[in-house]
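Think of it as A, B, C and D in the order they're written, each chain with its own count starting at 1.
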Amino acid sequence: MISKEQYIESLRKMNFDLYVLGEKVDNAVDNPIIRPSLNSIAATYEVAEDEQYADLMTATSSLTGKKINRFTHLHQNPEDLVKKVKMLRLLGQKTGSCFQRCVGMDAANAVFSTTFETDEAYGTDYHQRFIKFWTYIQDNDFVVDGAMTDPKGDRSKSPSAQEDPDLYLRVVERREDGVVVRGCKIHQTGMVNSHEVLVMPTVAMRPADKDYAISFAVPADSEGILLIYGRQSCDTRKLEKDADIDLGNQEFGGHETIVYFNDVFVPNERIFMDGETDFAGMMVERFAGYHRQSYGGCKAGVGDVLIGATALAVEYAGAEKASHVKDKIIEMNHLNETLYSCGLACSGAGKNTKAGNCLVDLLLANVCKQNVTRFPYEITRLAEDLAGGLMVTMPSEQDYNNPKLRPIIEKYLKGVASVSTEDRMRILRLIENITLGAAAVGYRTESMHGAGSPQAQRIMISRQVNMNEKKQLAKNIAHIKN
Amino acid sequence: MISKEQYIESLRKMNFDLYVLGEKVDNAVDNPIIRPSLNSIAATYEVAEDEQYADLMTATSSLTGKKINRFTHLHQNPEDLVKKVKMLRLLGQKTGSCFQRCVGMDAANAVFSTTFETDEAYGTDYHQRFIKFWTYIQDNDFVVDGAMTDPKGDRSKSPSAQEDPDLYLRVVERREDGVVVRGCKIHQTGMVNSHEVLVMPTVAMRPADKDYAISFAVPADSEGILLIYGRQSCDTRKLEKDADIDLGNQEFGGHETIVYFNDVFVPNERIFMDGETDFAGMMVERFAGYHRQSYGGCKAGVGDVLIGATALAVEYAGAEKASHVKDKIIEMNHLNETLYSCGLACSGAGKNTKAGNCLVDLLLANVCKQNVTRFPYEITRLAEDLAGGLMVTMPSEQDYNNPKLRPIIEKYLKGVASVSTEDRMRILRLIENITLGAAAVGYRTESMHGAGSPQAQRIMISRQVNMNEKKQLAKNIAHIKN
Amino acid sequence: MISKEQYIESLRKMNFDLYVLGEKVDNAVDNPIIRPSLNSIAATYEVAEDEQYADLMTATSSLTGKKINRFTHLHQNPEDLVKKVKMLRLLGQKTGSCFQRCVGMDAANAVFSTTFETDEAYGTDYHQRFIKFWTYIQDNDFVVDGAMTDPKGDRSKSPSAQEDPDLYLRVVERREDGVVVRGCKIHQTGMVNSHEVLVMPTVAMRPADKDYAISFAVPADSEGILLIYGRQSCDTRKLEKDADIDLGNQEFGGHETIVYFNDVFVPNERIFMDGETDFAGMMVERFAGYHRQSYGGCKAGVGDVLIGATALAVEYAGAEKASHVKDKIIEMNHLNETLYSCGLACSGAGKNTKAGNCLVDLLLANVCKQNVTRFPYEITRLAEDLAGGLMVTMPSEQDYNNPKLRPIIEKYLKGVASVSTEDRMRILRLIENITLGAAAVGYRTESMHGAGSPQAQRIMISRQVNMNEKKQLAKNIAHIKN
Amino acid sequence: MISKEQYIESLRKMNFDLYVLGEKVDNAVDNPIIRPSLNSIAATYEVAEDEQYADLMTATSSLTGKKINRFTHLHQNPEDLVKKVKMLRLLGQKTGSCFQRCVGMDAANAVFSTTFETDEAYGTDYHQRFIKFWTYIQDNDFVVDGAMTDPKGDRSKSPSAQEDPDLYLRVVERREDGVVVRGCKIHQTGMVNSHEVLVMPTVAMRPADKDYAISFAVPADSEGILLIYGRQSCDTRKLEKDADIDLGNQEFGGHETIVYFNDVFVPNERIFMDGETDFAGMMVERFAGYHRQSYGGCKAGVGDVLIGATALAVEYAGAEKASHVKDKIIEMNHLNETLYSCGLACSGAGKNTKAGNCLVDLLLANVCKQNVTRFPYEITRLAEDLAGGLMVTMPSEQDYNNPKLRPIIEKYLKGVASVSTEDRMRILRLIENITLGAAAVGYRTESMHGAGSPQAQRIMISRQVNMNEKKQLAKNIAHIKN
């Protein structure tokens, strides 16, 4: 395990071909737009160094027996899955934002078990290759971007049936020592803060899609990879002079990028699927399952911050004793704990795969995610109701720093006597950050992409539920014979 | 463990002072109004005899080491709590109704741990008394009514401050060998099918309420106990000639009664609390916690039946391929599995008490129950939407049995060719049973009483959530100093 | 206009071939199962006699210039439509149930305008025939059952493509002086209390469906018409000895029947459509529009009763000052007034047809009805939450009348001192009546059939909304050229 | 009536003491941050010049008989109120944002009727003064900021009981020819684009609050008025070089400001209330009623734009035929039309005041607004669901303009063949603008302040509903005597 500082230093050595707001960025680590997202991942290292969180943040490697950061762990049992959810809630609480490191963990666990079953069917050696790769990750305590989502083009057509053959990432050349891939992964969370990228297919496939059934890992700054940084609501506030209050969350954030693979070479030992189309669906479904579970932890953690901020906002306004305020806070908590319950439930009901690591209950994981696509909107509504209009009509920090305006703002935006106007502004800006600003992406709308849209989950739910059993139960009770 | 038949025979020996629809009933076992509720409890015996369910339905007694029905088990760890929830879902699936036996199990687990802590504080011997009592229950595989809810009178006043001193059950006389109690427990689930009744206080208390801080167990047909059977929607359909189709659920049901204690004697060895007012709240909270967990299982089981019935209803109407139908079935499942997830989560997060048995996570149990007060209404709405108007405008079974009307009904209420009109009527009546009829009480409105109203749970949620921690999290992120 | 008493007497002269619970009923007027539904329609006469309601309950006939009951009125302008909604709310308030007379009014207004436009296209004289018929109805102040819903069989097939040609009502014989029809109308509201039945097709049709494109009116007790009374939740409580308290609503109710047309002769002057398949859809859509508007009045009226009953229930329990109680009452009102607003809005936006009567805004009428399929469930949930468990576990009226049990019930189910236990029981039974009992059909599940299922309305909404306009608006603002 | 151009020119003459992002701004008209909000108000002039909208956009003055912009109209009857709602929907459709001019119209109608009744009670001549002022506004076709919300300080205390006497705007000096006022109005919509400001009290008052019961009008740039511009989500995107696509809404926006009255002189003829504390509540309630009605129009109009944009986004992605997509679009329309229905209903149910202008139904107006605090959140959720992840992870316009990146973006973010990637980006940015960006304030969170918080409306609903009547209805039906 490495320290937060070592992590940051290690990133300085990366050589990304990266563009932010139209400009090439050479030093991503110190870029003010990017830095908060780096800080969030850095927190996964810093908290792991804290002894009080050792049980949640670290684990014993099933590969090497060494102590590792749980973000690189292959879950061994339902308890591990539960601890994962608790760890993500903790990090959500510490950062109030997306900390980006789950995707790699979720990808690793999906690839680990899928390669095992692929090898069983095809006599390949993907599983050993992956073990070797993942041992390297654990030993170095690296961050891995788990890359799944392709642009997909016309969704009614399979990858190989697209007019433009590049709309799903694919093998364009085969060499003795590896393959060359081309394509694009979008919505890539945390890529600029990652050491490696672990690529998976994004849909179930048919034999004709052979060249698209490709899974592999390469360094995140490999030759041929180009990154375009996604823009967020309020992103340029970080560029404002002496930006502080108006950031809402001064230290942490998240990011997502377009990752363009412009004929990137992958050596054989880093290939974990190549043409076994019948296992593409398994890899996708398992990654999605793990990732939907993740949301039951991280969103509850960010929810804790939002609930706390809202409670402070009403307290600062002197309104915390009103019965409707209390009731809305209860409702926010109720929804937040329901999300968490779903995260715990799909974890506790996990079962071990043939490869030996533990897989979440896929049905309950989908149910968890489906709630994640709804409750944060309702929590947001309640937060904005309680925060009141000031959150969206408040003057800027620059106004507050203007000596002529400051006394006016101090006087008229003052809440209860014991709290400074500045602190009141800080807490309102934090709520804005989560409900409208940069963190809103991670808290709310991110749920709409990544490991499947809300509709994708619904389809999964309908497949995973045993309707025949339910119909038979009803027939039994209604005394229907056949 | 005894068999279903032995259970039924054992009830024949009970000598209840029981009134149903204004008449004294001497043979409760064969009474057509009551029988379905007895059948539901009988199912807890019958399913326990089935080897395939042994892991869920039975356990090894922590008191005697014998194999026991899980309904009499003192949960030893979170796994036991999870199995309890799964057992309840199974029974809900088998009966499509309330099977009444949870209250005794939940009461026992609450009394077991509370007596231990009371003894620790007061040097009393309640815990040993209770162990002796409960060993007797386990050995005989008895059904116990866990009795908590008093009429409460003016809710703004404590038990001892009520104008009528009897509105909470209390000790009215103390003898050498025991006490005499007077009062009334309402909403008592399954009392007429129970061997014993285990009484607990219903609210937290203050020193002045000493005589009301009483917990004990007596045979359910003890001298002085009078029962008035609660009426249900559509209850008298069971009295109709050759009633079958119109019952919806031909075999199973539930019931609730008023239990009047008209100066009932309780021997010392059956007293588990007597005056230790500061432990009344603990007993209430723990019972409520266990019972709220229960709903995450049983309601999901009844939900399975309702979902299955609804799916059949649309299939019988030939409408199962419509996209909106599929989507509504998904939504019903989604809500149902969310309830179940909450049941699992508060179980998996359980912690052992000082007495050694395992207690659910109280916050998550409250969250579970809060959802139970909502989702069944939405599931009901979707079921009624999909079942369509026929469910509530359909002719009676007697019409169907009239030879002149039968061909008309056969012809015009026919759905798809492969299904008989009779079966279509059966499935619609089952849906009616759960959404409007006898089972609606258990499925929906029961959630409104028993272990606390929706509002009671909300208050508990607000107490159990750590708001100071959340506020501190928000301050950390917003860079607020104090 | 006739009096309530005249109405009841007029019904005694009807000679229905009617079956209730499997038995032929000769005297429907005095049948205890049916009587409450008759009383509800009788209220439409009684309230019309009350001078204070004259403006809402009566109108001046556009056909004859005479003063008529508004239930027989052809709406002349948006103000008439608004008054209709207000009248329905008033009747809902008076009866707490379905008063059944809207269907005839809604059918008449749809047939009036459709016949005009049919005549325009085909040179037929349906409009004059209908005017003659409806003048007769107005002059006699009759109740008319507007009959639309056929069994429909396989919904993927048109009427003429069904295997059994009778699953939609059709012409089976043509004579010089009229036609003979065969088929069945289901979910027929108030038929047993009606003088005439006005039949309409139930779907849009194609040329092949010619024989099914039939609209006509005949006396409700015509030779060949057979009625089977639909059963309701708790219907037989009305047969219980001295039934009073347990009825919840002692006087009023609703009903729905199967109406079987077993080769019924229709004279030419009573035929309003015969084969003009291209106008079937218009008739259906207009009837549905009027009927969906109706719900915005009647459901709000029943909602007023339920809200009032719930407010009394909490008052009787001494809980009316709790803030959560107040808030839930507000929410019930909010939802109820939203329904009413939708009823008003589609009325105020009404436009006159070519025939001269006024048609609701069809889009807003569908929006109104869509809310009716949701809000009553939420209002029900809140009512049951506030009513509490007693509503569904309370002893029967027979128990209360048993002298031994009465003192126990009096004592322990007593609420606040100033209210008798009997009154408390009455109000809880009223809530039960609307949320679980006989009136639940009208309040909640009826919305699921009749003039279109929830899904039918959604399809209508999608057709009636101008999406191209909205897309153009977005393009304008986003500066998209084409 | 003046033209759009004349309006803009007239603003150039204003001499505001205005601060934006900490800097004094002398030329507000051409300031890129402010300009979009000016354009929105300019649209109220431009659309009024368009003959096809004459019926909605113009009216005949009740004061002068001249043709006026409806935004300056005193509504004469329910039809006028309905036209107001339709006008606001139209403007919402044209601008996709808050167009700010309603507050003045709503204030004028409230002050007009309140002054009449005040004069009646006190013999004052406020009404004539107001008529003179408002004739001036109509003749000049001016924009008026209706200013109500004070900071309020400790909400449990009345204005005069605050520690700092300035937390509600008040009279600090009385002169022969007028008064001097001090205080602050927050959340002031459109102030920088207004010619005049019409001030009203913000709460009901008691005799001690005499100096706070003040209503008046002064030019918006009067000596002593200082404005601080509120910051919005994504506000500085407007400062980015060649900003176009990323703005989402290139032309229109809204704004809100803090308006500080630093001892501003008000001449007598511009005072409309001064010390008549018992009429403060009436003025507040009426303004609030009008303003809540307004939301039923403007939000529905912005909703139209959002629905259209969402429909285009799915069309551009080739997903418009999926059944879940269709259903979500229907749901968005359903909610949007329900808002509109509520706006229409409270208008159609309006009644004329003693002064002769027409007042909305206050209960239904509150119900309208209450829905406005909810449905836009649900519409937002559906819009973000359908827009998908790309909306929040998409590269910036600067990336798109970089020649190296453009081909990559063109290729991989391409949707259906017939639509350019640029247009796809435009439509996603428009959705972002309304759900997360600058317009989100107006569409969603603005509902939380201004004319009363959601809770304020609920309290109003509880006061305006006649609960005694409802209870009596329930008693009648349940046969309860008293």
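Assume contacts are C-beta pairs under 8 Å (C-beta built on N, C-alpha and C of every residue); 3 or more make two chains touch, one makes a residue touch a chain.
Just so we're clear, the structure is a prediction, and the values are computed from it rather than from any experiment.
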Third chains touching both chain D and chain A: B, C
Farthest chain (mean CA position) relative to chain C: A
Approximate Å spacing (C-alpha centroids) for the pair chain C, chain D: 40
Where chain A and chain C are represented by their mean Cα positions, the distance between them in whole Å: 52
Interchain centroid distance [CA atoms averaged], chain B/chain C, Å: 38
Contacts with two or more other chains, residues of chain A listed in rising order: 324, 327, 458
Residues on chain D engaged by chain C in the complex (per definition of touch): 82, 93-96, 244, 248-252, 304-309, 311-312, 315, 326-327, 329-330, 333-334, 337-338, 340-342, 344-349, 363-364, 367-368, 370-371, 423, 426-427, 429-430, 458, 461-462, 465, 467, 469-481
Complex contacts: residues of chain A adjacent to chain C: 323-324, 327
Residue ranges of chain B touching chain C (in the complex, touch as defined): 19, 21-23, 149, 151, 153-156, 163-164, 166-167, 184, 186-187, 226, 228-234, 236-237, 240, 246, 256-258, 260, 317-319, 322, 324, 373-374, 377-378, 380-381, 384-385, 387-402, 405, 408-409, 411-414, 416-417, 432, 435-437, 440-441, 444-446, 448-450, 453-455, 458
